[in-house]
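Shared chain: chain A. Partners: chain B in the first complex, chain C in the second.
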Partner chain A sequence: MASVTLRRLSKVFDGGVQALHHLDLDVRDGELLVLLGPSGSGKTTVLRCIAGLEEPTTGEVVIGERVVTHDSPAERDVAMVFQSQALYPYLTVRENIAFPLEMRGLAHAQATRRVLETATRLGLQSVLDRLPSQLSEGERQRAALGRAIVRGPQVFLLDEPLARLDAPLRIELRAEVLALHRAIAATMIYVTHDQAEAMTMGQRIAVLHEGRLRQVGTPEEVYQRPADVHVARFFGTPGMNVLQGRGRAGDKGRVIEAGSLVIPVELSTYEGELQLGIRPEYVGLCAVDQGVGNVDVLVVEPLGSETLVHLNAGGQPLVARLPGFADVRVGTRVGVKVDRRRLYLFDAAGAPVA
Partner chain B sequence: MSPRGWAASATAAAALAAALTLAVTHWIERRYERAFAFRIARTTAAYVAAVTPPPPPPPPVRRRGRIPRPQAPITPVPQSPASRTYHLPSLLTQARGLRTLPGWTTEVEVYYGTAPLVDATAPPLSPDDLLQLDSAGGRWREGSALVPLKDRDGREIVGAVAARPLRVPTGPLPGGLGFAFPAAVLAVVGAAVIAFRGRSLRSGGYVGAALLLAAASYLDLRAVARSSTDRWLTDTRRLLQEAATRLPPPRSRVSVSDLAALVQDAELVAGEPAESAPWRARVDGAPRAIVAVLIGSGRWVDLRTVPAEITTLRWLLLLLASALVGPLGILLLRWAERTPARKRRETAIAWGFLAPAGLHLLVFTLGPAALAIYLALPLANFRTIVHDPLTWLSMRSTGLYALYVPVSVVIALGAALLVHRYRVGWGGRLLRSALLLPYVTSVVAIALVWQLIDQAGTLGLGRSGWLSSPATALPALMLLALYAQLGGQTLVFLAGLERIPRVYVDAARVDGASAWRRFWRITLPLLRPLTWFVVLTGLLSAFQVFTIAFVLTQGGPRVLVQRAYQLAWGGGGGSGGSQAFGMASAFAILLCLALVVFSWPRLKLLGRYAQHA
Partner chain C sequence: MLSTRKLGLGLLSVAVSAPFLYMVSVSLMGESELLRWPPPLLPQKPTFGNYAAALAALPYAKVFLNTAILAGCVMVGQVLTSAAAGYAFARMRFPGRDGIFAAFLATLMLPAMLLVIPRFLLVNAVGWVDTYPGLISTELVSVLGIVLMRQSFLMLPRDVEEAARLDGAGEWTLFWRVMLPLARPAVITLALLAFMDQWRNFLWPLIVTRSADMAVAEVALAQFHSTYSGNWPYQMAAAVLVTLPVWLVCLIGQRYLMQGWRITGAAVRL
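Let's turn to the complex of A and B:
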């Protein structure tokens, strides 16, 4: 096993698109790190640079103690699972799993034993002689995992391996990947665009946005103390409300005006354009004029355990998450309460304001 | 539709198809009977002309005497010089004698002018009938074949011979209903039983009934054709024997060649004594119907002719088609019954859109194919083709020629890999253009340019005449084909390479596969169906090669299609004419069958791959 270190990694594609900006990332030995970001954020490019499928424009890739920036994929001893599984359609499951061993010239008997071990671990014994087209979606993904782990490489790279699966299967396989990680204690880099998946899987989460690394931390850290407004928006279902506002010193003390809301905030050091973040679960509804402002109810989404209420706060969207079935009518005007201890303040550029 | 209503319409469809088949059978049988009637009428006319003497020298001219004419002529007999016309009393005797020939099966009438001689009370011909005979050489009139009776020199028409075929009973049932009628009744009843009782064998049962009907009709048809030949032989035998005794003096011993003049569409050779009934035998490999004729004491000749039944096989197609109208109609009815109205309407609209293309296919592909099969029958054509050494010579040339295909496929794959590898650079584009240019150029143009190069001797090979020398023409042809085909094959491979998902290659790279192994283990297997496609289409077109061989090497390596062309149009071992078309069609059908047999397993394989991909 080995650690993975990226130093000032940049990638500019042929068309001039800069996919990565001076990325520094340290993945510890044996860690499961989730690389999270929306599509186009560069997370797959990071993975391909680590695998050696792309050569970085500048910067270094270090696996273990070795700088492998310009080494071929074969020389890096990494394994990769692709979103589309990439099982060879004309080979059986057995042959697919054996393929990396065969390419490394492993003796036949030994390879056979390893393939069987891997298949047993993943519950694939009964389908070893089938073609990928004869497998279920879940079995295919297991076979792809099998092809990655059979060789016992230093580092596993998983590129959205579960994105194609339907929800129940995804949850099942998520647990299997976690169990697998515990069992083989390997260094794993897991790419996903699904923040819920990142929260449940990652020991640490690295958040990528527009080719820049925004934050690396435990799930709790990135949720509770987002490093910037992008990270803040990204986590939670739905994500954090971000209102464009302005601090003002008025006759009732210092307040932040954001849309139709006027929220008293003790803010000594900053006046001017601000971004006010508040998670939906800390937004409450009350009678008109009883809260920090009045809003119009646009949409009500009852989900059973909770109700999402989409509001219009003076031209800015605001979502409240209320427990159970809330008695709210679309088109009515209501007051808004906020938990002032749970406010996040960012400056216009998105950096947190103390 | 209620089940009973459906069953009733199914039965109606079956009855309609049965009636259609019976009508078709009847129509074909009539064709054979008419052919027989015309033939026996011509033979009779020739017989009458041969055995009737000219009129005796005219009596001394008397100024106001009677002109010898047949009694009650309605139009004047065409005037011929006396030596060329007939002695009327003899003619009358000969004509009436026909009816008394033992075993004679046909009703004949001989007209002198427009007057009937045999049955004097029968209505005479109209003058138009005789006039039309002149141009057509024979016509069908009121159930009889009417052929001209010419004067003794065969110049002018002086009368006519009519022959009416008598219907010969056929089949196992009393009344001579044949096989077809009982089979039709059986088929309709069977279809009704299946339809009303909903038996499990259903479509198979309908098709079976239709096939039974077609087979029975064919049996009838064949019997009629066979009996028409037999009757002509029997009747002609009688005529020949009569002629042998009646040919006018001075012939004391009649010669075979004199008699042969009576039967110009048959052979007359010296033979052995035999029964009076006709028999079938092979003469020099060809089927013949034969009857032995006694033409003098101890002198026997064989009268041989092509049996009509060998031409019946081609009608089987028509019979099958009309019999299968029944099952098809029933299946259509069942489909309509089980399909919701909306789907029916949509299907009808879909067929409406397909109709123009379908019609084109029918007229220009299926039609000619059916015509080729029709022309290729009888089967003797196929035997001739198989035994023709030129067939196998052209097969060998074509087979050798086709060897260029694997070579060109390998080169095309290599070129495609190269172009794909450098697809963004100008080098790849240049290579691609260079490869495609010959592909989009007319093959004829390329061939002509090559010919020019060859004649000029500037091929860089030191001498000219590569295309006309037997030893080098085939390799030169292969080289040219390779040059012309390479671009297209490269294009197909390029498209295949573009279609290979990059992730397979990426996965293999991460798995540690070298470029060489990636090609053999990833690229090539993923291209395999496409490779088979390219090889197969290449081989198919190689076996159908005609253009470049025809343009480049007249008389060089003769390839298969060229051979078919020669068979049809003559030149170089072909005969030309209508029989030649039969031979060429047989040749083409054999070639087609060989190609189908040869490519079928691979095409099946290709289909399976397509399902997996």
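Let's turn to the complex of A and C:
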């Protein structure tokens, strides 16, 4: 096993698209790091640079103690599960899993044993002699995992391996990947665009946005202390409310005006444009004129354990998440309470304001 | 609109198949039947006598063997050279790659006749006239085959290839074990096209072979034709026999042949 280090990694594609901007990332030996970001943020490009399928424009890739930036994929001892699975369509599951062993010249008897072990671990024994086209989506994904783990490489890269599966299967396989990680104690980089998946899987989460690494931290850190407004918006279902506002001196100390809300804050100096973040669970409703401002109720979504209420705060959208079934009517006007200790302030560019 | 199109296609298919059907029909007639006016469309009393006679008159076994050796060797050879070159042009990086490919394409514009004399002189110089190597060697590389294979390699998704690289496959394994099987439909298409092409090859065998022992199907048929020029049913029976393998290949391989034409069409348009 080995650590993976990216130093000032940048990638500019031939067409001039800059997919990655000066990435610095340290993945520890044996860690499961989740790389999270919306579609097009550069997640696949990061994996491809680590695997050696893409040459970085500048910067370095280090695996273990070795700088491998210009080594071929085969020299890096990295396995990757592709977004598209990329099984060999004309080989059976058994032959697919055996292929990497054969390429490394493993003796036949030993290879057969390893293939069987791997297949057993992934529950593939009964489909070993089928072609990929004769498998279910879940089995195909397991086969792709099998081909990656069978030769016990130093680093595993998984590119949205579960994105194509339906929800129950995704949860099942997610647990299997976690178990697999524990069992083989491998260094894994797991790519997903699903923040909930990232929260449940990662020891640490690296958040990528528009080719820049915004934050690396534990699930709790990225949720509680987002490094910028993009990270803040990204986590949670629904994500954090972000209102555009201004800070100014009011009658009773400093306030932030955002839409129809006027919220007192303990900001000593800040004046001018601000972005105000509030998670939906810390937005409460009350009678008109009793809170920090009045809002119109647009949509009410009762989900059983909670109710999501979509509000219009003077032209800016705001979502409140209330426990159980809330007694709120669409079209009415209500007051808003916010938990002031749970406010996040960002400047106009999205950086946090202390 | 649709019905005019259908009508057009219908007429076209009649125009294309009518000569073949008539060839079969005539081959089943008696010798004198065709002398009547107007010539009959169908035999009065179908007879297989012409076939028996044609089989006896032609050195059939030898001719078929020669043609099969030519078509078979060229088929295998063209598949190998086209696949290797097509793969290199599609997936490898080397200086001058696209220029060389353009030069290959340009040779498609040269009339085949132009090359016959230099080819003959070359073959003559190495003493291969009237031998199998002389017959086969110059046909082993096909520019159209290279174009076809290059195009089909270009159309394959990258991810399986990349998975194989990560799995540790070298360039040769990648070509032989991963890419070639993926391109199997194109390989089959190319093999069929090469086979049919060679079965009907006339000009080159006519020039490079001399002895009756070396005659291939089309050449033998031409000789047969000059020997029995008056007897049409007889000639048609020989023609049916000689073209039979091509018909069979065409029938069995329809799907692949259509696909091949589509791929090369796309490639040439690029």
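By our rule, the second predicted complex is superposed on the first by the 354 of 354 C-alpha atoms of A that agree within 3 Å, B and C clash if a C-alpha of one lies under 4 Å from a C-alpha of the other, contacts with A are read in each partner's own complex, and residues count from 1 in each chain.
The definition used in the following text is that a contact is a pair of C-beta atoms (placed from the backbone, for glycine too) under 8 Å apart; a residue touches a chain by one contact, two chains touch by 3 or more.
What you see is a predicted model, and the numbers here were worked out from it, not measured in a lab.
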Superposition on chain A - do chain B and chain C clash or fit: clash
Touching partner for A:L131 - first (chain B), second (chain C), both, neither: first
Which of chain B and chain C A:S39 touches, first, second, both or neither: neither
Partner chain in contact with A:S305 - chain B first, chain C second, else both or neither: neither
Shared chain A surface residues [contacts with chain B and with chain C]: 51-53, 72-74, 78-80, 82, 84, 86, 88-90, 99-100, 103-104, 147, 151
Chain A residues touching chain B - in the complex, by the definition given at the top: 48, 51-53, 72-74, 78-80, 82, 84, 86, 88-90, 99-100, 103-104, 131, 133, 147, 151
Chain A-facing residues of chain B, complex: 501, 503-504, 506-514, 517, 521-522, 525-526, 528, 612-613
Sites on chain C touched by chain A in the complex: 157, 159-160, 162-170, 173, 178, 181-182, 184
Residue ranges of chain A touching chain C (in the complex, touch as defined): 51-53, 72-74, 78-80, 82-84, 86-90, 99-100, 103-104, 147, 151
